[in-house]
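There are two complexes below, and they share chain A, which is joined by chain B in the first and by chain C in the second.
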Partner chain A sequence: MFKSNKTAWLFVSPALAFLLIFKIWPIGVSFFESFMQTSFSGKRSFVGMENYSYLFLHDPTFWNSVKVTFVFSLLVNPITLFVSLTMALLLNEKHFFTKFFRTVFFLPTAISFSVVAVIFAVVLDPYNGLANSFLKLAGMNSQPFFGSANQSLWCVILLCVWRSAGYWMMYFLAGLQGIPQTIYEAAEMDGANGLHKLFRLTLPLLTRTTSFVLVSNTAFNFLMFAPVYIITQGGPRGSTNLLMYESYTSAFVIADMGRASTITSILLIVIMTFSFLELRLTKAKFEY
Partner chain B sequence: MKKSKGVKNGTLFVVLSAISAFFIIPLAWILSSSLRPAGSLYQYANPLTWRTFFPSAITLENYRKIFVDLLFGRALANSLIVSFATVILSVLVSSMAGFALAKFKFRGKNIVFAIVLITFMVPFESIVIPLYVLVRSMRLDNSFAALIVPGVGNGLAIFLFKQFFEEVPNELLEAARMDAASWLRIYAQILLPVCMPAIATVVVMTFMFQWNSLFWPLVATHSSAFEVVQVAIATNRVTEDTSWANLFSSAIAGSAPPVILFFFLQKYFIKGISGTGITG
Partner chain C sequence: MKRCALVFLFAMMAAGIVTAQTLEVLWMGWPKDQVMQLVNDFQAQNPGIKIDIQLIPFGQLFQTIEVRLAAGGGTPDVYIVDGPNTASYAARNYLLPLDEYFTAAEKNAFFKSSIRAGTYEGKFVSVPYGTSSAGLFFNKEIFEKYGVPLPSEKLEDRLTWEQVAELAKKLTIDTDKDGKPDIWGLGIEQIDRPYLLLPLMQSLGAEAISPSGFETKGYITSDKFVKATTFYGKLFNEWKVSPTGLNDSAIAREYFGTGKFAMMLGNEWNIARLAKFTNLKYGLAPFPYFAGGVPVTPTGSWHVGVNPKSANKKAAVQFVKFITGKEEVIKWYKLNGIAPARPDVYAALPGDFSNPMWQLFISEMNSTAVTRPDTPGYSQYELILREAFASISYGADPKKTLEDASARIDRELKKYK
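Then we have the complex of A and B:
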């Protein structure tokens, strides 16, 4: 470590300025707005915790969104984790086809969420979509997919896994490459088989990667917006009405900025708490 | 009993091919539809035949149309300008901050580090509305600057550089100090060249983020001179004559640059992540 206040601050201040102006300030404003209410005449006034208490006590739409968002998070994050970890384990060893499959699995990540949403809307079309053609070929009935309150959220989950699994696979690949080969050789000498090696060595040694992926992916998915906006508009019957979309409708459809900022602020607090808890639980050491 | 290596690799190949079908099939359909004469979208989707994925008459008419009639080339150029400008600025300021956090003790360091951690946990979408109010009050709205500056400060990028620089031995820097090199020279000539993997990681991450953003450009710009790729694609979807052909060809053309970038930087990208200590 070197000691020089002046040099260190010279190097750190450009980035810090960008963070303070374009990240910290808007976060602060968002919290501030959640304590304000604008009347129809355009007069703004401080209302304290009223926005919050109204949401919590008198707003069933909000509670439905909370429920949907939690169910969505509890499903999409473990599934994404499982799929991306499996793909990384299959692609860790070098073969002539490794680079090709890595690129294929990563391809969806290069496509924006809005385009992915459009692709899924047509692939999962209830009448003529590709997915139903495959089902028909397999002798099964056509499914309504986004048209049904029971299936819609699952389709959004499928879409998110399809888009993100390849991205997190990269982090797992990086983690796997950091495990020294000698550990496995030693284990083989002791007669460990493949499953042993996976559960006793690989997975424990990947804890830090896993917690990083889990935390980042959870934070990201809490704010899922594009597929809901483009495909379902929260429906059918509120089954996909994620909180971020509810906040958006508050701000841009019914022009209730106080409610919108309150929902965003709650999301921010929940994300921070979740990230903190997950880091604690998985004992990830981010050293200072 | 040990299976022979050939059988094992063969099984692996089959399993991987099955997984890639899940990723490839929707894309293959979109690609083949974009190469088909414009017509009914579902004409070949149901029932399923080989024609679903292999158009019988291939045409580039859809691509000609988006580039010539709908000025998709300009949107591509705008996105490239915005993405590369953000990438260059972000790599520069993030690596400088990462250097200071990794190699210096200074007053206020803990506060700076806390700010870095907070901002990398707060996703962009949640601050779009107050950000717009701010950018408008700075009279930056509807400009390239509006699209570029919010993406420059990036907590995750700073964190990655910090972790990477910590691996560089202090002796190397001390030796350079003895030779009376300034800190700026040490940063530019010693540290930056050894952290190519970290740079590649930040380049890919920042580029993808800017290339794929839709919500912010929609809010922050309104004249077509600053239309970026995602906005152009979204507009192709909502124009009056809803033409799937335009949408699909622009989706394919608009996804090409990040795929190409990733294909070339993939080796560094994985090395960069593993060099940062995030992964163990």
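Then we have the complex of A and C:
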């Protein structure tokens, strides 16, 4: 398109500059900080791998946080994917109510995560919450929700799925609209039924969208912070202590910048590894 | 910005406009109309000194103090200090030693425990402005309704924690038979705060931190500390006489005020704050202790300090002495209800403090009160230990949780050595 690379570089340079200043540079600083420790008087000193060895060998809080983050990721990503894909498939048909429900399902996305967190905290309050009132009305036992180490992470997952599924549904809908109708017509001529069409045509042809949604959603959920900060503060008993929150408290509450930077650096490596694996596993095997 | 300000100042001085000294004061975000009454008093008596007071909301206060002092300038000249943060500020030379400015008689006007809280490495660095105490509030109607004899309100009949647990078991009641208590035996106003919980461990003879203030291993992991913490955990998990997760002290107070707690371990401010529950009939028993142990009660509150880099040290000390002095503390108590840190104020207001509940708190402050741990890393200590207490209230193993917490605290305290 361009005769020389120079022109191309010229065009990307503004974006590149912003990327360098606001993304690459802070990441670099954070990596650098993970090898440093700051004393209370503000004196910084190089400590080599000390922060890493402390986290890996002597820090049960960190390991619990790693466990919680992985469990959270392994649950929330497939569930979000499944729910948003299902909604998209249901709302891809043209009915008189389709547009209405597309809007309704998309609405939670328009609410900020902090507001969603406050709403969930009120609804799922163990003592005076709306959810428990309904359970009682239906003759069931009231539940502790965010007040129980066994239920709290599930409640955070529910919150995230409720907030995000509508957003990813839009990507799936766009993907579905992009599949040429003629392919389905040809399949029908060959006698394919609904299920055949779904599993043999729709899903394979959606691979690129699925791949994008999965990778973005995974990275997004690894960085989940607001609901934990607002509702649970990592508890009860560390059951919702996601790495991002642990890094935050380490940095801004206990003022241990070295430990915080080390956690974010580890998190970055984990996200990159996961993204790479997901991209490899969901690579489209054909062109259309 | 700073340079601009300096230029401006010089310009003003050259013009001869500046005749008065201005003191910048960083203060807790109490209602402005209340605070300004004291400030105006001072300015009326000291026409040469102008006070520029900044009221910072509680949520941002400590961060603001940190940032302003770390900047290293001469302002604020005077600032408010939470008692246990005294060491943290003093270790970084953020507090001017005041021994040369205060006579022995002036220092003796404050409670001894408050003076101790304002002292770091033998130097008097923060002047007590208020104090606090706690006890066991109980709902008389609930006791009477379920035929349980009322606890004694006398110091000499102090309940043991074992007795409190028995009472709490009797008074945890499921009135509507839905399998969940509607009246809880014991509520804890600050459910996971070391402030209110350390006296349990200290009652058994456990120490909260090493004498150096840099180590918790062997202290918060000691058998006695674990034993008292286990008792605390049982309240929620084995005997189920306290509800988990009620970590807002205002809500705990609502529970007590509306008859959902038979007893509540809470602070002296409840005398004023429970007044809104007009139907509530309650009593106050002394802070319990463990059988075979010693009575220990929490204490401590706000102090006032002077920035050693202030250009107006003399005026700053003058202001500190004024605002912590008898007359102004009386005025402040009348305005805001904070427990004064001066015995002479209690003596001056017999009408207010002759109330037996206040009498109880005053005796506790004079005899059983123990200040929070003396360490420059108090804020880290408090946060991590608080997390550990919260986990234990949710059923985590006390010994293991305290050991983990101790390792984390000790790592953070190393930075202060």
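Everything below uses one rule, namely that the second predicted complex is superposed on the first by the 280 of 288 C-alpha atoms of A that agree within 3 Å, B and C clash if a C-alpha of one lies under 4 Å from a C-alpha of the other, contacts with A are read in each partner's own complex, and residues count from 1 in each chain.
The rule is simple: a residue touches a chain if its C-beta (ideal position, glycine included) is under 8 Å from a C-beta of that chain, and two chains touch if they have at least 3 such contacts.
In this text, all values refer to a predicted model and were calculated from it rather than measured experimentally.
If you put the two complexes together on chain A, you find that chain B and chain C both fit without a clash. Contact with chain C, but none with chain B, is seen for A:60 once the two complexes are overlaid on the shared chain. By the touch criterion defined above, A:141 lies against chain C but remains apart from chain B after alignment on the C-alpha atoms of chain A. By the touch criterion stated above, A:46 is placed in contact with neither chain B nor chain C. Counted by residues of chain A touched, the larger count belongs to B, out of chain B and chain C.
Looking at the shared chain after the overlay, A:236 reaches chain C, while chain B stays out of its contact range. When the two complexes are laid over each other on chain A, the CA centres of chain B and chain C sit 90 degrees apart as seen from the CA centre of chain A, to the nearest 10. Taking the two complexes aligned on chain A, the least Cα distance separating chain B from chain C is 9 Å.
Annotation: chain A residues 127, 136 touch chain B in one complex and chain C in the other. Every residue of chain B that touches chain A in the complex is listed here, in rising order: 9, 12-13, 15-16, 19-20, 22-27, 29-30, 41-42, 45-48, 52, 92-94, 96-97, 99-101, 103-110, 112-113, 115-116, 118-119, 121-123, 125-127, 129-131, 133-134, 149-150, 152-153, 155, 158, 170, 173, 183, 187, 208, 211-215, 230, 233-234, 237, 244, 247, 251, 254-255, 258-259, 262-263, 266, 269-274, 277-280.
Here chain C touches chain A in the complex through residues 70, 88, 91-92, 178-180, 243-246, 376-377, 379-380, 383-384, 387, 390-391, 394-396, 404, 407-408, 411-412, 415-416, going by the rule given at the top. Within the complex formed with chain B, the residues of chain A that make contact are 1-5, 7-9, 11-12, 14-27, 29-30, 33, 87, 90-91, 95, 97, 99, 101-115, 118-120, 122-123, 125, 127-130, 132-134, 136-137, 162, 166, 170-175, 177-179, 205-209, 212, 215, 219-220, 222-223, 225-226, 244, 251, 257, 260-261, 264, 267-268, 271-272, 275, 287-288.
Residue ranges of chain A in contact with chain C, taken from their complex: 37-42, 54, 58-61, 126-127, 136, 141-142, 144, 146-149, 234-238, 249, 253-256.
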